[in-house]
Structures are given as structure tokens and as C-alpha cells.
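In order of appearance the chains are A, B, C, D, E and F, and numbering begins at 1 in each one.
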Amino acid sequence: MKLLVINPNISEDVTSLIRAEAERSAGPATELVVETAPYGVEYIETRLESLIAAGAVAEVIAAHAGTVDGVVVAAFGDPGMPALKELVDVPVIGITEAALCAAALQGHRFSIIAISDRITAWYRECVEGFGLAGRLASIRSIKEALGGIGTVQEDFGPTLVALAKQAVEEDGADVIILAGAPLAGLAREVSHQIPVPVVDGIGSGIRMAEAVVGLASGTHRDGAFAAPPLKRRAGLSPALDLALTLTQNPSSATPEGGK
Amino acid sequence: MKLLVINPNISEDVTSLIRAEAERSAGPATELVVETAPYGVEYIETRLESLIAAGAVAEVIAAHAGTVDGVVVAAFGDPGMPALKELVDVPVIGITEAALCAAALQGHRFSIIAISDRITAWYRECVEGFGLAGRLASIRSIKEALGGIGTVQEDFGPTLVALAKQAVEEDGADVIILAGAPLAGLAREVSHQIPVPVVDGIGSGIRMAEAVVGLASGTHRDGAFAAPPLKRRAGLSPALDLALTLTQNPSSATPEGGK
Amino acid sequence: MKLLVINPNISEDVTSLIRAEAERSAGPATELVVETAPYGVEYIETRLESLIAAGAVAEVIAAHAGTVDGVVVAAFGDPGMPALKELVDVPVIGITEAALCAAALQGHRFSIIAISDRITAWYRECVEGFGLAGRLASIRSIKEALGGIGTVQEDFGPTLVALAKQAVEEDGADVIILAGAPLAGLAREVSHQIPVPVVDGIGSGIRMAEAVVGLASGTHRDGAFAAPPLKRRAGLSPALDLALTLTQNPSSATPEGGK
Amino acid sequence: MKLLVINPNISEDVTSLIRAEAERSAGPATELVVETAPYGVEYIETRLESLIAAGAVAEVIAAHAGTVDGVVVAAFGDPGMPALKELVDVPVIGITEAALCAAALQGHRFSIIAISDRITAWYRECVEGFGLAGRLASIRSIKEALGGIGTVQEDFGPTLVALAKQAVEEDGADVIILAGAPLAGLAREVSHQIPVPVVDGIGSGIRMAEAVVGLASGTHRDGAFAAPPLKRRAGLSPALDLALTLTQNPSSATPEGGK
Amino acid sequence: MKLLVINPNISEDVTSLIRAEAERSAGPATELVVETAPYGVEYIETRLESLIAAGAVAEVIAAHAGTVDGVVVAAFGDPGMPALKELVDVPVIGITEAALCAAALQGHRFSIIAISDRITAWYRECVEGFGLAGRLASIRSIKEALGGIGTVQEDFGPTLVALAKQAVEEDGADVIILAGAPLAGLAREVSHQIPVPVVDGIGSGIRMAEAVVGLASGTHRDGAFAAPPLKRRAGLSPALDLALTLTQNPSSATPEGGK
Amino acid sequence: MKLLVINPNISEDVTSLIRAEAERSAGPATELVVETAPYGVEYIETRLESLIAAGAVAEVIAAHAGTVDGVVVAAFGDPGMPALKELVDVPVIGITEAALCAAALQGHRFSIIAISDRITAWYRECVEGFGLAGRLASIRSIKEALGGIGTVQEDFGPTLVALAKQAVEEDGADVIILAGAPLAGLAREVSHQIPVPVVDGIGSGIRMAEAVVGLASGTHRDGAFAAPPLKRRAGLSPALDLALTLTQNPSSATPEGGK
């Protein structure tokens, strides 16, 4: 299967981290296409930055519509979810929701370890939106300013492990989620230092996408994720406009709906 | 005070409905600036259409940053909320959250009457996101296809009243919310036919914005709605880029990002 | 419009604080009638004191039935709500529910700063009853004994600001509510010291009442806030008896109950 | 032990029904004192009627303060709860909370059968306030006007049984609660016609009060149900004033407040 | 009435503690049959140990089917609940659910004091399953290793009292539940040291069982606790097989399953 | 990887259905060991039957402890979860939790289609226990008696499709879960008849187990799923006793802990 993996941030060095962990995680029959957001911010910390990123991710998905079997949105906080699931007829999965499932299947309560204090409100609302806030033990975060977004693992490795241990000891976490694409791959390295299962967002995203794509559950031809009634639209990018047309009328490739 | 009222849809006839009810609702000291989304769809029914609209609304807000005292986002479902509250230092209020407050202050449980079945999932998630789902008695909707988005009131007036009555009789609604900018002004006309208070989204949006702006509660200089740490950004529109710069550094007008 | 503002406590100096802030908050077309509870306690801290106050407030509302356009119940904790909304055919709004709406429209999570530790359980249940407990970041309170109820602002100003800052820093509050009529007007003075919007209960009550009365949403002629079936009653005060009669039969002034 | 059983309604024929079932339910060592509300309405259907009744019940409890071992408030909907638990140093138990416990111990989900449609909103909020709304399968009610409040059982017996059966078949109820003092004793008679356990409010109130009084768990000398700090009060009835004084200073009988 | 009281643990010294407090709590007309689990662990701390114990308790109940009027499962955490309520036609009540009811009737929020940190996750899920997690103020626990399970009271008495006081002061508990059969009887001794009502699990279990059995609410002949359709079964113990047969066909003693 | 797949029911023909779908779903590198419960009932419909099955599943897991990389418990309702996750140091995953994750990643609200009305209460509590009840649109079920448990698909195929369509049209389901091992494989056949994604429990269980095992997140060496303190135990089967010993002391193979 062919998976599109999108870094919703503009930082290429985080894309490299994502690509590396995605390749380590993917099965032998999985082909990966890794893309970086064409516009936006260096790394998302707020609802507004997430909203901007969601628009950028929509463009990337639209540009690949019809050519991939599934999409992984590779920023914790799941920018654009669940809206982006409506855009194409293949599974679109965020790494947060994937990590939440991976954690929920391995314990009861989980904690999220985040790279900045500023980011935690957005994460919390993402977990609430997915419906699993009742199982969230805590969100703990680095309190210091970051050096560079591509070197968070090196700069704060011991801090992140210490936060994870506190979440187990003080907050009752059964599973730890190391959140954020900048931490991609860290779980493999520090798992032995943390006394509960440690879940990596990127790894979860790839494996859960493989699982869901493999299930071949069928498409949304009705209900809240199906195409809405045709209606006039204007000013969208050609790629997005075409993707909407395809979704609304799978048997046609002619854009210009609703006119 | 000066309020920016934004129609997140591209339909000018809905903008006219919004403007008319906004003018009827606004106090004598309130100046209104009414704008239509520069791009998007004729009317929003889905999460994806709402996401697209949120981007368009962000551009309109950014273009008026620093020149208005408050913003009303005039589509039920509150596209871009609460993210858009982070964009400027004045209150940004959606008509759904305003209507929910107006309803919650006049009864215990409320029902929402919607213009299409397709739209109800998005509305439900909006109410859940605001935190008042426990007081939602029901969402009832027109089941037939719409003729034109600017004539829903004329085409479906009796249907909408009947739905409202059913919500009172069968669902236990204490208050009715007539949802959606296309219904702007209808509450005034049909209130006598419905045996509980009937809340208009646009009217609520204007009056709640006046109330909140009037409170002069202060700005977000810390916490989850304050500006995040400065970071590299790229590819944003000049207006949005400037607005982000202003928010992050109120004392300066020199953009720092986007280089 | 004419608003009845009721201090549910018997302390006249708190009534003075309420009147002052109400007058500062009210629009030019708003006439205020400010009353003090005819019996009860100096200030309400518990569910039982609130229950006693609710009875006193009912008497005040009944005495003004038919002569005002709206009622503001000016004690945090909203004694008698939502029951008192059933008593007359105009909006009856508590300052807690008003402040919760004002806060919810300006951020996501809010904290309440309270004048005594003893009062916090009652406040928490009030927020739960309104349905917004999911957005309550914390309730923080003065731990020392109060000197006089009319001088809490002077006696504990810096303490209250410190509690507000802690709520932002440690509890994740996006908005601060300074709770309790004894703190009326304080928000204006300390807003610059607190890095998020600060909401005043009295100011919120006045402005939200103006907004809701202005909406003219109509009355409860059916549903859970309408008059119940006529039934025998006895022993009520003449004012309350008459108010119930008016509500149950708006076209008649002849009391039917109380025989 | 000596239990005070209070009918919060003014109808003496309902008091008779309450007394009869209370006597059938009480253990041999239990002495019953049954009282009727000194003022109020014939039967409570709304939040406002419940608020009025709560004041009347407070007077009855205050008048018996220090002379009974426990109190049962014998109207479904629990007027004045949990506030009235603060008034005296013995358990004060509502028949709704008692019935909810009795039901919750015998199944998972329960339905409430009510005597009028108008009453159901109040009941629902009572269940929500107790915290067991998650286990409420449904509330079903008589839709016709009542003849007399003392003859509901005779007038609507088969209707009530039919409602109970529907709750089992259609709503998934594991246990049925026959709600309201006017139905006192009916459970005994119709239990064989309903295929799940049927709980009587009065019976539950008496037996749960016996159980809790018997536990002798101790009193509230701290926390949210203890006496608040002493403060000025005025205009209360002598009985209520004395009861408050006793609670606040158990070792003294000299009233301090009300000056 | 005759109550079967089961210690789901294999420790006979805990059975002695249970028997002693059960005898102190039971009414004069109550006959007690106290049994110890035939297999399992010394004391239950985890979900898995609880699952094992549930199987053992099922065997004990089955062995007494038809000979008792009610059953008390005397381990906090309620192993096997609510499943075991399906096994026989008399009330089966866990001491946790009984204690939760006893606490909920005496205050609003309660805390649980537990004998080990390891046990708290299981307790929390038990409270969530019963539906009263919204009223749980906290669970506090002994952090040190236990000496012997039969001497926890002597070894940790002051620690347990201190934990209870912290729950009142810091967590807002209105009622304290001393959890776990090893603490049976302790509430009586330390109640005067703790400034809120203190609830004993065993005492609650006995008294709530007496109350519920006394109500004679009827049996589950339909709904989710009634016998399921007859079906093939195999490999069960003779006692369990016979109990299932009796439940499924109360008029017959001939086992039908297990062929 | 080697997965142990356990049918918690005793019906071999359902085991055949499970094996067939498991083999269709498993990746090329996955080895399957499929086992049937050694004792229990033909198919689980109730909490009690689930409790019995949980004991049988524990024995099967224990018998394979140390020889497999993951376990799939293949009955909808997840008997013994989450307790069984504590038993061995590899992921133990129920098909319900796996299907819930697969559904939650493909839409927002899902419905469960069940083989009997009797089974729905147990399913609902399972979804509540997992924490995703907020996203459950409905549970719909066959109302007629089953012929044989191995032929439900043939006997009720069109009924099941009709129930799924109703869930989409009337209940707002975005995804359908065909629940229960007797329906294993049906999703593949009827997916084209149902206008939203259709999730198979067995397929989900296998693919989610592959995903989670593949993540290699590490083991529970602390927290609520780790081995509890060593303690005396008695009367367990040799397999279970050995499994507990291994978990508690991974470096030792000598049973008999805590003596």
C-alpha cells in the first residue's frame, strides 16, 4: 500500500525525523510518500497555528488525491481532524488519534509528554475531541524554551524521560505517549528507562494507518463524512477544487461543481 | 464600538440577511462592518467546508486587525473557533457560542433547528466543543433539498416552525435556537408561533459581542490564547503575517516572521 | 429597559458595591432598581444559606412582578436558579451564569477566585449545574477569615491578584472570574495586573441581562419553565401568591390559589 | 431510632399515603414522626414549587432539631437537597436519592415512572445533581391531567404499570422506580405485573434512613456540610434561627444570630 | 433474613474481621453465613486478582443458591459486580457500591482511603463503573509495604487517620470511606478523630443489604439481569451449573445445560 | 510474530469462523494459534457469561504464556478486559476495543450491530468501560431467536444489513461495527450494501494486535498493569499459577510466590 505522510509544519529537519521513524515502522509492502507543509509555521503550538496548518495539509492531500491508499497527518494535535477525513476516499489518520488508540489498547490511563507548556492546551482539546479524555492521566511538558525544533531529543532527552517517570509515579499513567513529530523515534531509545509501554506518535500513525487501510472497510457514501450536496464554490486552489469534485462525484473528473 | 461581522460563506444574499438582522440588533453606539468570505463555499454544511471557511475568515480578521473592537463570525457551527480568538487582541465571537449562551440563560435545555440534515453532525460537535452538550435537547432539521440558500426562510417557514414545536413537545426543549445565518431574522417573525423563547444566531452574536466588548475584560498576555513564542513562518498572506506579528509583539509593527 | 438587581444577602454595604458597579456597567437606556434581601444572612457561603436566600429573592422578584423587564440575582452561586426563572415572564439571570458565559466567550478554560474556602463547594456545584464544569480550570480562594464583608477588596486585594495569577500559571486558566458581589468592581482595577481577561460578576450580570432582554426571545408558554397546572396552594406571602397567579394566568389578576 | 418524615406538599391525603407506607416499611425499633409542610402547594411539579417547598421543609426540620435521629424528605425530586443536610447534625435523606441507591444496587440502568409530564424536567435535574444520570434509562410519565392527587394510584394504576413495562421493553430499564409520594405503596401491589424489581420511594427513604442512621458514621465538623463561620443574620423564623445556632455551636443553646 | 457474606480473599484472618464487624452491624433478625473464597489470593489489589476472585465468589454464591435471602460480597472493588447479580434471584451487593451509597447519602463528595497504592486504580474503575466518579474527591493510600493483611489496622491506624484528614482538608471530601475488608470495624474507632462522617465498607454492605432485601422489590424476570436464553454449556462446576439452571428455570431443579 | 487467538465461547463452529477471518486478515509474517475456551457457554450474552468466559480465557492465556507475542480475545464484549492485560508481558487485545479503535479512526460516531437483544447491555457497558461511549451512535440488534450460533450470517444476513442501514439513516452512524465472532467475515461480503465503512471485529483484532505488537512499546514494570507485590495464593490451576509467577518474577521459572 502507498501511504502519504505529511509534516504539517514547515521544518524540513522535522520531516527528516518523521521520514526516518516512518521507514523504521512501515511494513515491507508499504510505500511511503513524505511531504512537508507548503506554508505555515516552524512548529505548531496553538489552535491558530493548527488551523493554518490544516489548510496547508488539505492542499497536500488534495494534490495526492487518487494516488495514495491512506494518509498520515504527522503532527501531534491532529491539525484539521476530523475534517480532513472528508476530503478523500481513503483513510486519513492523525498521529494523535493513532497514538491514543495504541495507548488505550495497552493500558487504561495514559499520559502525554509534550515539548512545550504552550502546546498542552491544544493537545488536551484534541484528546477531548477524540473522546478519550476520561483516560488521560496527565499532560506533562518541557518548561524551558526550545533551542531548535530539530534537536529537541538531544537537548531534552533526560528531561523527557524524567517527565515520563513522574507521569507514572505521580499521575497514575499506565502508558506514556511521547508527543510531537520532533520526538519521532525517541520511544525506541528510552523505552528501557521508562517502566511502562512508551508510544511513539509517528510509529503509531504508520502502523494504525496500515491496519485501517488493510481492513478495507469501505467508503463514506452516506453520513457525516460523505460528500455534501453539490454547491457553488469559489476561490479555492485548483488542487483542492479538483479533490472536492472527485469526492462529490467519484465517476467524474470534471471540476466545477454546483454551477 | 466597531464590530466586524463576517459571513464565512461566499453567498452575498446571506450576507444581506446577516447585515439586516445585525443592524436591527445592534445598539445605537455600535458601528458595523460586514464582510463576506473572499473564498469558500455557498454555505457550510460539513467539517471540511468549515475548515476551508475558517481559513477565509482568518484572512478577513487579519485584514481588519487593529481597526475594530470586536469580531462576530456569522455562521452557525463557529468555523475556526476557538482558534480565531488567538488571532487578534479583541473579542472574536461565533454566533453559535453566542446563541448557546443566550439560550442557556433563558432555560435549561435547548434545541437547535437546522436547515439541512447534513449539517447536524457539525453542529453537534460544535456544541460538544463549547461544553454545553449536556443541555442540548435535540437538533432537528429540514430533510428536503434546499432551493436557494437566500430563500430558506420563505421556502421552509412553516416547516421550521413545526420542527421547533416538535422539539418543545417531544424533546423537552425549553428554548429554541434557529440556527444558521440563512435564518437570520426569522426568530422575530415566528416567535409568537413557538411557545418558548426563540433565539436568533445573528442577534445573539451582535448582542453578546456588545456585552463582552463592553466588559473590557482585558487581553490574553499569558495562557493558551496569548501569542506563542516567536518562530519562523512562511508562505502566509501578507495580512495574516502582519496580524500574527502584531499579536506577538503589540508594540511593534515590524513583521519578524515569514522571512 | 428596567432591570431589577437583587442582593440576596442582607448586607447593605455589599448592596452599595453592587449598585456602584451596576451603574458603571449599565447602558444609557437602562434603568436600575437595586434591592437588598429582606431577610437572610450577611453573606452566603453554603447551600443552606443559598436556599434561605433564594426564598428571600423570590419575595423581591414577586414584589416587582410586572414592573421590570429583567432581573439580575447578584450573588455568585446563583441562589434559586434556575427555579426563579419560572416565577416571572421576563429574563431572570444570575451573575454566575452570566460570568460563566462572559468567560466562555473569551477563552476555553476559566478559574474562579473566591472570597472564602467554605464557599467553594457551593460554587462548584453551581458551575456543574449550569453544565460548564468541563471548562472549569480551578476555584481558588482566600484562606484567612474575612474582616468585614464590605471591605474584602481593600483587605485582600493583593491576595486576590496572586490567586488569579496562580490560576493562570498553575491551573491553565484562560480567563479569571472574580466571584462574589463583595468583589464587584475589582476587575476594573486589577485587570492590568492579571495577564488574561478578568470577568466581574456584576458587570457580566448587567450586560448579559441587557443582551438577553434586548433579544426579546419570547416567553415560556410551554415546557419546563412555563406555569404548571393550577393547583391549590396555601400560606404563601401575598406577593408571591399574586406573582404565581399572574404567571399561571397572564390575562387575569385574580388570585386563584392560596385558598 | 426516631425518624422525622416530612411531606413537603400541603396535601394531607398524600401525608396519609406516606404514613401508611412508612409504617409498613419501618423496622420494629423505629419510631416515626410524620409531618406535613406548613405552607406551599398541593403537589410539587416544578423547580419553583420545589424551592418553595424546601423553605417549608427547612422550618419543619428546624422545629424538630435535636429531637430526632434522622429525617426523610418525602417528595420525589428531593426539595432542598443537599442543602438541608447542612441544617442538623443527623442524616437528612430525600426519597429520590434513597430510591436511586436502592435501584442502583439492584441493577444497572433504571427508569422513573412519574405522575405528570410537567414533573419530569425537575426529576431529571435531581438525578443529574445526585450524579447517577449515566444510569438513567428513561423517565416516563402520565400524560393526562390528574383527577385528585390522593387518588392517582386508583385512577392510573394500569397506566403506570404499562409505562413501567414500556421502560423495560423499550428503554432497557433493569429496575423501575415508581416516583412520587402519591404513589407510596403501589410498588407492593404491582410488583408481580412488572418483570423487574420495582422500587418505592417512601419505602426506600425509610429503609435507607434506617441504614444510614444505624451506621452512626459521625457528624460534619469540617468540610462543605459543616456549619459555616458565624455571621450576622436577620428575619429568620425563631425555629430556623435556633437550629442554625445549634448547628454552629452544638455546646450552646443561646442564639447568636438574628440580632 | 439470612445473608451470605463472602470474603473473596483466601485470608481467614480477614474473614474474622469481616465476621466481627458484620455481627456488630446486623439487625437482630438477620442471620449471617460468612464464607471465605475457596481459592485465590491473600488480598486483591489488581483487576486480574479481582477477576480470579470473582470466579471463586461465583462458586460460593452458587453453592448457597436458594438458601439465602441476600449476598454481600465483602471485598472493596466489588469483584464480579455487577455480573454476579445475574446469578441468583436475591440481591447480591458489593461493599463498595454499598459504601458509595452510604457516603452519597451523607454528603456530596467522598474520598476513599486505601491500604495500598497498587489497589487504587482498581478502586477508581469500580467507582467509575458504578457511575459516581463525579462525586469522588480523591483516593488516598498507604505508600508503605504491608506487614500482614490481618494487622493493617494496628500497623497503620494513625497513617489512615492522617490520610482521611488530608482528604478533608486538601481534597474537599465531605465523607470518608475506609476501604477494604482489612479495615473492617476501624471506622467505629477513629470516627471521633476525623471531622466528617466515616463509612465502613462491611457495615455499609450489611445494612444496605438488609435495606434492599427488606424492600422486596421483586426479581429480574426480564431485562439485562434476567436469565439469558437457554444454551449449551460445558465444564462448569456442578454447583455453578445447577445455579444457572435454577435461575433459568426457577420451577425446575433439573439441570439442562452442561451436556 | 505469533498471535494467540482465543474463542471465549465453547462453540467450535464459531472458532472456525474466527480462524477463517483471522487467516484472511493476518499479514504474511504472522503465525496464528487459535484456541477454543475449555469450558463455558455456547455464546456469551450476559455479564455473568462473560465473567465465566474470562476465567476460561485466563487459563488459555496462561497455558501459552511465554510462547506468543500477542493475544487476541475473540469475543465481542471483551471478556476479562482489561484484567487479562495484567497476566502476561505481551499485548492482550480484545476484538471490541480493536474494533472501536478501527471505527474511531474512520469516522466520528459508530453503531454496533449485535446478534441478540439480550447482548446489548453487556456491549454498552464494554464501550463505556473503554471510554468511547460518547461516540456510540446506537446499538441495534436482531430481535428474533437465533437458530444456531454458527449460522447467524446465513440466517440473518439481510436483517443485519438492514439494521446497519437504519443505524446510518436514523442514528447518525458514520461507521458500522458488525459485532460478535459469529459475524466474522461478514463485513467483507456486505460492505458494498452499506454506505459507510463496515468494521469486522476479528479483522480489527488481528490487525490492531499486529500494529501494537509491532510497535514494541515495552512492558509494564510499574503502574496498574505491572505485577502486584508477591502474596500468598492457593487453589489456582498450575498453568495460571505459573503464569502469575512468571509475571511477578520474569527472571525466575519457579512457581509458589509469597510463601
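We take it that a residue touches a chain if its C-beta (ideal position, glycine included) is under 8 Å from a C-beta of that chain, and two chains touch if they have at least 3 such contacts.
If you want to know which protein each chain is, UniProt gives these names: A, B, C, D, E, F = Aspartate/glutamate racemase family protein.
Just so you know, these numbers come straight off a predicted model, no measurement behind them.
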In whole angstrom, the CA-centroid distance of chain C from chain E equals 44
Dist(centroid_CA(chain B), centroid_CA(chain E)) in Å evaluates to 52
So, in whole Å, the Cα centroid of chain E is separated from that of chain F by 28
Chain C touches at least 2 other chains through residues 82, 108-109, 121, 125, 134, 172, 174, 223-224
Contact graph of the chains (line, ring, star, complete, other): other
Chain-chain contacts, ordered by label, are A-B, A-C, A-E, A-F, B-C, B-D, B-F, C-D, C-E, D-E, D-F, E-F
The residues of chain F that touch chain A in their complex are 25, 27, 82, 85, 91, 93, 97-98, 101-102, 104-109, 130-132, 134-135, 168-169, 172-175, 187-188, 191-192, 194-200, 203-204, 207-208, 210-212, 214-226
In the complex, the residues of chain B that touch chain D are 108-109, 172, 174
Chain F residues touching chain D in their complex are 120-121, 125
Per the touch rule, the chain E residues reaching chain F in their complex are 10-11, 38-43, 45-52, 54-56, 58, 80, 82-84, 86-87, 116, 118, 121-122, 125, 129, 145-146, 223-224, 228-229, 231-236, 240, 257
